[in-house]
Structures are given as structure tokens and as C-alpha cells.
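Following: one structure in C-alpha cells, then a few remarks.
Chain nomenclature is as follows: A, B, C, D, E and F, assigned in order of appearance, with residue numbering initiated at 1 for each chain independently.
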Amino acid sequence: PKYLATQEIIRRTEIPGVAIGLAWTPVGGEILFVEATRMPGSKGFITTGSVGKVMQESAQAALSYVRSHAVELGIDPDIFEKSDIHLHVPAGAQPKDGPSAGVTIATALVSLLTGRLVRHDVGMTGEITLRGQVLPVGGIKEKVLAAHRAGLKTVILPKDNEGDLEDLSEEIRQAIDFVLVETVDEVLQHALEQAVAEPASSPAS
Amino acid sequence: PKYLATQEIIRRTEIPGVAIGLAWTPVGGEILFVEATRMPGSKGFITTGSVGKVMQESAQAALSYVRSHAVELGIDPDIFEKSDIHLHVPAGAQPKDGPSAGVTIATALVSLLTGRLVRHDVGMTGEITLRGQVLPVGGIKEKVLAAHRAGLKTVILPKDNEGDLEDLSEEIRQAIDFVLVETVDEVLQHALEQAVAEPASSPAS
Amino acid sequence: PKYLATQEIIRRTEIPGVAIGLAWTPVGGEILFVEATRMPGSKGFITTGSVGKVMQESAQAALSYVRSHAVELGIDPDIFEKSDIHLHVPAGAQPKDGPSAGVTIATALVSLLTGRLVRHDVGMTGEITLRGQVLPVGGIKEKVLAAHRAGLKTVILPKDNEGDLEDLSEEIRQAIDFVLVETVDEVLQHALEQAVAEPASSPAS
Amino acid sequence: PKYLATQEIIRRTEIPGVAIGLAWTPVGGEILFVEATRMPGSKGFITTGSVGKVMQESAQAALSYVRSHAVELGIDPDIFEKSDIHLHVPAGAQPKDGPSAGVTIATALVSLLTGRLVRHDVGMTGEITLRGQVLPVGGIKEKVLAAHRAGLKTVILPKDNEGDLEDLSEEIRQAIDFVLVETVDEVLQHALEQAVAEPASSPAS
Amino acid sequence: PKYLATQEIIRRTEIPGVAIGLAWTPVGGEILFVEATRMPGSKGFITTGSVGKVMQESAQAALSYVRSHAVELGIDPDIFEKSDIHLHVPAGAQPKDGPSAGVTIATALVSLLTGRLVRHDVGMTGEITLRGQVLPVGGIKEKVLAAHRAGLKTVILPKDNEGDLEDLSEEIRQAIDFVLVETVDEVLQHALEQAVAEPASSPAS
Amino acid sequence: PKYLATQEIIRRTEIPGVAIGLAWTPVGGEILFVEATRMPGSKGFITTGSVGKVMQESAQAALSYVRSHAVELGIDPDIFEKSDIHLHVPAGAQPKDGPSAGVTIATALVSLLTGRLVRHDVGMTGEITLRGQVLPVGGIKEKVLAAHRAGLKTVILPKDNEGDLEDLSEEIRQAIDFVLVETVDEVLQHALEQAVAEPASSPAS
């Protein structure tokens, strides 16, 4: 795992549409950036970044959640008809899979489409259901350690993973602010800035 | 198999479009949630959740049943033309296959499109034919035990599986209310609440 | 092979669009139900039920025969433009293949689109050509025995399979009424009821 | 190889759109029927009958030849825009491949679209180029013997296969009328009847 | 390798849209005919003749070159919108691959769309770039020998293959007129006749 | 690795839409030309040149970056709706993969669509994110040596690869002008000429 400086993380997330996920790898946890962008188009959706089948389905579930709850989320419901959305997860050559980026993908999409930035010191992990509930995932200890190494201040986790926090040292538990969530709505409350960087209905983000 | 608390099950099913299925796995029965959501679109249909080919065909059969019987089911027949429907079966990383979720998928779809909630204490299993008949399936004993562990009160089964109930203990047979069905109509009668949470023709569910 | 009661067969075929085929399996003959349904749409055609490539092509040939002979068959020729047709062959998990369901598929399609029921005591087997001729198939002895076990009264066979009837016992030859055919037209004459259950141009079958 | 009676061959070819090809198999030559049908549609083209990749490409070349020469061939050039064409080669379960059915496919298509019947006593073999030239093929001896066994009177062959006729017995050479061709036009001159069974612009063939 | 008579080559190339390529095979060089035809349609493009992935991509590059330079090449730029183009390389059963037919494909396409015939005594080889430059290829010696055996008078080669001419005998070098090129424009200057056989905007070529 | 003369490189890049990338191969570094062309069409995008999956995704990311930032980049945002874009990387038979051509692909696309030439003495390497940031890549030493051999004067590298420059000899470090970048904008500033060879909204480039 490579250690990214805080300044680099700020730089990577200074545009709406980028959220910080926490991933498990055989050699430890890592942070990854889920990037979403929007182009004039018509309901296209592509996912790139050596993303496996389960993670692609997770992205489809996140998109369907956002599309079917557009109004509540403050998103113009007509925007999908006239947009193509591209989701990319660098580094492009590194294979990635699993459902645990669900909350991160949903957050990146909502950030993109509302223009609200994602907080640059928040990492997150959790599977989402199609209806916006957050399910538990594995690798919590390694993911939290990676968030800490990267200088993140807050980690959003599924409520059903609460028990995994016992495996962490007292030091880490003090340093990180844990947010235990049951729904995507709670994730968005804690992950998104209030300020709108760019309105969602502008010609191109 | 993980034991889900009743409260969790209530939370998972408190929106129309979610039905509780019973699945057989090599390590015992399990309950699973079939989730359906609808977005403005045009007749799109995707199925996610590591769903195998037989289960995907089962979902297509369930959808065709619902589409071709929309009027009798109280569904606006024009809704399909202007909707994309997404069916998801968490957990996303767990492979699932087989035809026995047919009744559950049909129930989730009718719930979604009528706005009638699925009862949170009802589990079900059964293959469906394209014309709405219910065919017998395997693994009844393990599935009923899983329903019981999860605190479900009612289990809907194919009438042709009646003989499998003999394999269950007297205790289980007392605790569970079995509904033996020959058609999807009978499934819906017993699985759906009467109250409509949300009308089917609202902009987005 | 499972033995289906006559009452069950009547129940399965009491709607237009379902025809009874005879299949050969390594453990003996079987009857199967070919189900067709129609939805508002535009020329879509899907085949489900773990159907192999040869049987899928057979379904396409049957559909092309019906589409190109719609007028003679009493079918509104515009119906295809505004319909999606789904063909399903339960049980969904059982692999099926080969061209011998050609006549059964054609019969199910014509039944669906004319509203004429298929007789519930008629089983059939035979490959069809694109132009409506009926070609010989294998497994006749096992298929006829399966029809007899299921209580069917009539079996429709390709004329070129006439020689295979010698392999049957005198008892079976007495019990079953054999119809030897050269064309799909002859199949339909013997398999379809005259009464129309539902007109072909109704909104949804 | 199965021996088909002349009466059967007449029956199979008594509708426009069916031409008799000669095929080589490991156990000897065979005749096969290439069937084409047309339905209201829009430029669709499907090929069924367990047809391999080379034979499918051969069918595409034949169709492109016919489409790009429609006027000279007496075919309404607008017919393709409003038709779906289905090409089928029974028996459906028997794998077929290779380019040598090119002339037969072209003949079936022209017969279908002009309404001119194919002569029931003519068999043919030959690869076609996209521009309508006829290239030599293999298995001539076996193919001619199969034509003779089936009672065919005329065999159409590529001119470049002339040398292969030396391998045939004097008896066969007397019995069969060989037509050596360089172009598809020559094939059509010898294979098609003059009489039009059905005009090409009728609603459905 | 089969030896084709000059008369056969003339016959094969006497229509616009056919160009002579030089191919390398394990048993020596060969000439091959790249055939292009055009049908009323809308931007369709198919490639047949057992053509491998690299050669298919080469055909796409040639087509893109022609489409993006239509005006300079004397081609009606609107013709692609209303045409389907089919590229075929007989013999259909012989696998072909590699990028060296790029110049031949481009020449066949320009011939087809301008109506200018390709000279029947010119063979060619060379990879093309998307912007119309010609890159060196392998097998020059074998390819030139095949051209010579077939009676061709001129061979067009990439300039960067000039060094390979040293491997040829003095006799061959005298007999063949070599044209060393850097661009597709130079290829077309030497390969196409001036006379237009058929205007590009005629209903069908 | 083949050594290309400076004159050849100038010739290859003298049209807008071609940029020089640096690639790592098992036998050393190489320069490669990324070529982009545009045709009248509608949002089509194809990538050819034996390009692997990761590199294809990299091309999609580059295109999405350009589409979503069209206005800032001086590109008519409507151009994508009415264009098909083809990206080709000769030599066509040589397999290529990996994300490091991201900056080169983005540069070729911007050059094509603005009409600004790419400088013929600049080589580049770097993965890009969807939002236009440049990530580090491998093989820097070999890539720089290849650039030097080819006579390039400037090499554009990711800022995060700065440390890799220590591996180079003093001679190379003197000879090459290194540009360390964090964003695609910086790449374009250094790689593109100011002069516009051809306006982006002309009928075809």
C-alpha cells in the first residue's frame, strides 16, 4: 500500500463527484477514489478501472438508488435522460471487486449530481441495497488502519459492523471519528459538504 | 447462515418492492430479500446480485407474468413503457441460482408496481410458470427452518410440496402457518398488505 | 420421470398459449409444457427455461413460420409489431435441447395468438421446417410411453416416423390415437380446439 | 446418408424460397434444403440450423449480393427495408459449415424474393464471392453421387471444378446433366423456373 | 498456393470495389481479392471471409480513413449515412489475419465508392495508419514471388520495405515494377484507373 | 525496438490528432503514435490496434474527460453528438495494454478536436483520472531512453514519478527537457502548438 499525503487527497477530491472508499487487499487496506463524471448524452452509464462483476452490479444498484430517489436527494430527475455518466476507479490497472464500495459510489454520484463536494477527510465502506439500506462488509480493521495512515478523520461504517471496532487499538479508536449508519441518507449527511460547488443542472460538470 | 433480528427484517421490508424469499444453501436454509425498484425509463430490466442464468430466466418469467396480467393485478399497463425496473438480491457477492425465487420475484414486482407492502412476517418459495402457476421446488425442510429462525410467521409453499411438510417437527408445524398455493394469485393474496403505501403511477417509487 | 395427474395437466393447459410436448431423456420419456405469453411491446422474442441453442433456433423457426403465415392462420399480421412474445418451458432448472419441440412451439404460438385452446389430451413431437413441413425425430417409443402414462389420448407424430410405431405394444397402439402429419397445418387441425377463449387482438393475453 | 424419395423432394420445394444444396459429410454426400422466408420487418436477417461461422458468413455474402443487385435480379429494392429474412437449413440438430452452400443460399433468396420456384430436380454447390462469381469447392464426387441417389437430374458446379468430373463413372456422367458456371447469374438461369408462383411485393410470402 | 490465370484475375476485378492483395502463408505467398460492395442502408459495416481480429481492425482503420477524407477522395460524404458496406475476402473458409491488407482494403473501398476500377495487374501490401500513412510489413519476398507467378506487372509496397527488395533475384526485379509509397494517396494514384465505371451516387453499385 | 528517424516522426505527426506516447516493452522502451480521427456520425467511439482492456478503459476515461470539459478546452460541445471518433494505435498487430497512455490519448483527442497540432518533439506518459489528474506509471527509465533515441526533446511525466529521474544518467538528464505534471491541463499546455491547423467545427478533419 502506498501512503498518500493529505495534500494529494485534498487535490483529488476538490471537484464534486469524487468520494474516498476504503478497500481491503491481501497486503492490507487501501484508500481508493471513486470518480464520477457527467456528459451530455442519454442515460448511458459506464464503469471503468478494472472493476469486477460484483462491483459493477454494486455500481448499478447505487445508480438505481440515486435515479429512483432523485427528488428527495435534490437532483433534477430529468438529468438522467440527457446525461451519460462515467464512473472510474483509478488506478486503472489494479483489479477491484466486491460490493463494499456501494456507499462510496452512491456518494460520488450524489456529489456529482448535486454539486456538493465530498468531505476530503472522510473514508467509507459498506454494501448498499437497492432501497438504500447499508449492509455489513469485511476487512474493517485493515480499512480503518488505511484511513488512519492516509490522515482521514472520519470513517463511515455499516451499523452491523459495530462489533468489528473492538479489534482496533485504543489509539485508533481515539483518533478516528466513527459514524455507524443504516441508510445511504445517513452516509450522505456525514460525507457531503453543504456548500454547492456547481449546480446540478449546469451544461456539463 | 446469519440470524437476522425481526427488527432488521421489518426495516428491510418497510418499502413496497421488497419480498422475503427462502433459499437453500449447502450449509442450511437462509432468508433473502428480493428488492425491486423503478425509474423513469423505457422497458429496461436488469437483475443484479450475483444471480445465475436460471434465476435470471426466472426473473424474466416473473416479469412477463406481471406485464401480461397488469390489468388484473391492478397495475397501470402503460407503466412498463415509461419505466426501467431493477431487481437486486443482496448480498451482492453471494452467488445465487435456481428457479425457486420465482414467487418471491413476482411478489416484489407486484408490490413495487401497486404500492402494496409485502407482509414482513411471510417467507415464500416456489417456481412459477409463465402463466402464473406454481411448481414444486427442493429444500423445503431447510427453508422452513430458516424462516422459523428468522421469526417469520407464515411460509408460502407450492401445493405440490405438501408432502415435504411431514419431514418437519411437530413444534415447527405448530409455529408456522403454511399456505399451500397453486397460482401466483394465491401467493399475492397471502403475501401483500391491502393498504397501498404509494400509488403505482407516482413519478418515481 | 414424474407422473402428472390428468387434473394437473388440465389445469396447466386451461389458458391459450400452452401446448404439451413429448421429450426424450436418458431416463425415459417425459411430457413438457411449452408456454407462450404476449405483452404490449415491439417484436421482442425471448425463450427461457434452460433451453439449448438447437431448441432456441427451433423456436425461431416456429415463430418465423407463424409470422410469415399469419393471415392463413387467422392471426392479425400487425400483432407482432406491437407485441413482445415470451416462450418458457418449465421446469426452469432442467436443461432442454434438440429440434423435436418444433411442432409444440408452433402450436403454443398459434394458440396464444388466435385464442384457441390446445386440447389437453394431445401430446406431440416433430421438427418443423421454416416452411411448415414436419420432419422425423428420435425417441418415439419413450415419448409415446410417457404420453400414455400421463393419460394423454392422442399423439401427433411426423409421418416419416410411422415405422417407429411397430416398436410399441399392441396395448399402447390400441390406447393411443396416433396422428401422422406432414405439415404444421395438420398438427394445428388436430391439436387446437375450435372455440376461441379470447380474441387475438385483445389488449393482453 | 438418408435416401429421400423424389416425391418428398418435390413436396419440400413446392414453395418459392427453397433450394437444394449438395453437402459433403464424413460418411458421404447428402442433399440439403436451404429454406428462406420473409416476414414484415426491417432488414433483419437470421440464420438457423446449427450453421457454423463460415457458412453464416457465406449467407451474409449471398444476401449482400442479392441486395446490391436487386434491380437486375427483378427484385423490388425497397423490399429489404420492410422485411425480416430468415434462412434455415434443416435438420436443425445437424452441424453444418463451410462456404460451398453459397450458390444454394443465393438461389433460395432470389427464389423467395421473385416468387420464382427452384426446379425440384436441380442440385448445386459452389462458393460465391461478394460480386457474384462462383469459386471451386471440394467433395464434388460425393456430392454428385448424392444428387444421383436422390434422383436429381441436373447438378450445377463451379467451372473451376470441371476437372473433378473425371473421377465420376461413365454411368453417372450420362445420367446427370452438369452445368458448369462462373457466376451466380448462370446459376439462377439454370435453377429457377420461369413461372412466378407469387409476386415478390405481396404482403408476406 | 494455387496459380490463377491472368484471365481469371481480369474477370475477378472487372467491377469497381475489388483490389488485389498479397498475403504471406506458411507455404508461400498468395494473391487474394478484397471485395467491397454497397447496399442501401445506414452506416452498417461487416467484414466476412474468416478474417481475424487484427485484420478486422485494419478494415475499420481503412474505412475510417476513407470516411474522414471522403471529400478529398472524390466521394460523396453523405453516402455512408445511406449505405451498408460489406467487405469480403474469399476464399471464405481460409483463415486470414494481420494488418498488411490495410492498403488493399482502402483501395477496394475507394474503388467501390468512386466507381474507378482497380488496375488488374497491380498487387499491393502495407499496413495503414488511421491518418493514411503506410507502414512496413513482413513477407515481402514471398508476396512479390506470388505476384510474379500470378502475372501481375506492378507491386505497391511501403517505402520502409525498400530494403527487402535486395532479397529478390535480378530477374524478378526486372519483371516487376515496384512502387514504394508513404501514403494511401500514392497507393490510389498507382492502383486506380482514371475511368469511372459507375458513379458513386448511383442507387446501388 | 526500431529506431525511427526524426523525419519520420515529423511526417507521422503533421496532422492534428496524433500524439507521441512512450511505452514499456519487455525488450525496452518504445515510442508509439496515438492517432485519432473524426467522422460525421453520432457519438460512436472505437479503439483499434490490438489494444487490451485496461488501455481501452483508459481511452474511455480520456474521452469522458474531454467530453465533460469541452468548453474549457475550446471544443464545440455539440461536436460529439454529430461525430464518430476512431482511436488507433499502430502497429496494428502488436498487443498493447495498461493505463499509461492516458495522457497521450487525451492529447490526441484534444488536438483532433481543436485543430492544434501536437509538438513533434514531445513524448509523454501518465495515467489520467476521470477528472483530469495525472497519476504515476512504471517504466520511466526505459521510456525516457526510447524518447532520447528517437530524438525527442521534451518528455512529459507525472509529478509523482519525479523520483524515477534519479535513475537516469547525467547525459540524458541534460539532453531531455522534463515536464512534471499533475493535471491534463498542464500536459496540453506543453504538448500542443498554439497555431490551429484546422478549426474543430469543419466538416471533417
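Note that a residue touches a chain if its C-beta (ideal position, glycine included) is under 8 Å from a C-beta of that chain, and two chains touch if they have at least 3 such contacts.
Everything numeric here is computed off the predicted structure, so don't read it as measured data.
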Output for shared partners of chain A and chain E reads F
Path length in the contact graph (chain B to chain D, fewest steps)
2
Numbering shared by both copies at the chain C-chain B contact, with half separating same from different
different
Length of the line joining the C-alpha centres of chain B and chain E, rounded to whole Å:
60
Cα centroid separation, chain B vs chain F, in Å, comes to 52
Based only on mean CA positions, could you tell me how far chain A sits from chain F in angstrom?
30
Chain C residues counted as touching two or more neighbouring chains:
none
How about chain D: which of its residues touch chain E in the complex?
43, 53-54, 57-58, 60-61, 64-65, 67-71, 77, 80-81, 98-99, 102, 127, 129-131, 133, 135, 182
Going by the contact rule set out above, which residues of chain B touch chain A in the complex?
11-12, 15, 17-18, 33, 35-41, 46, 48-50, 86-88, 90-93, 203-205
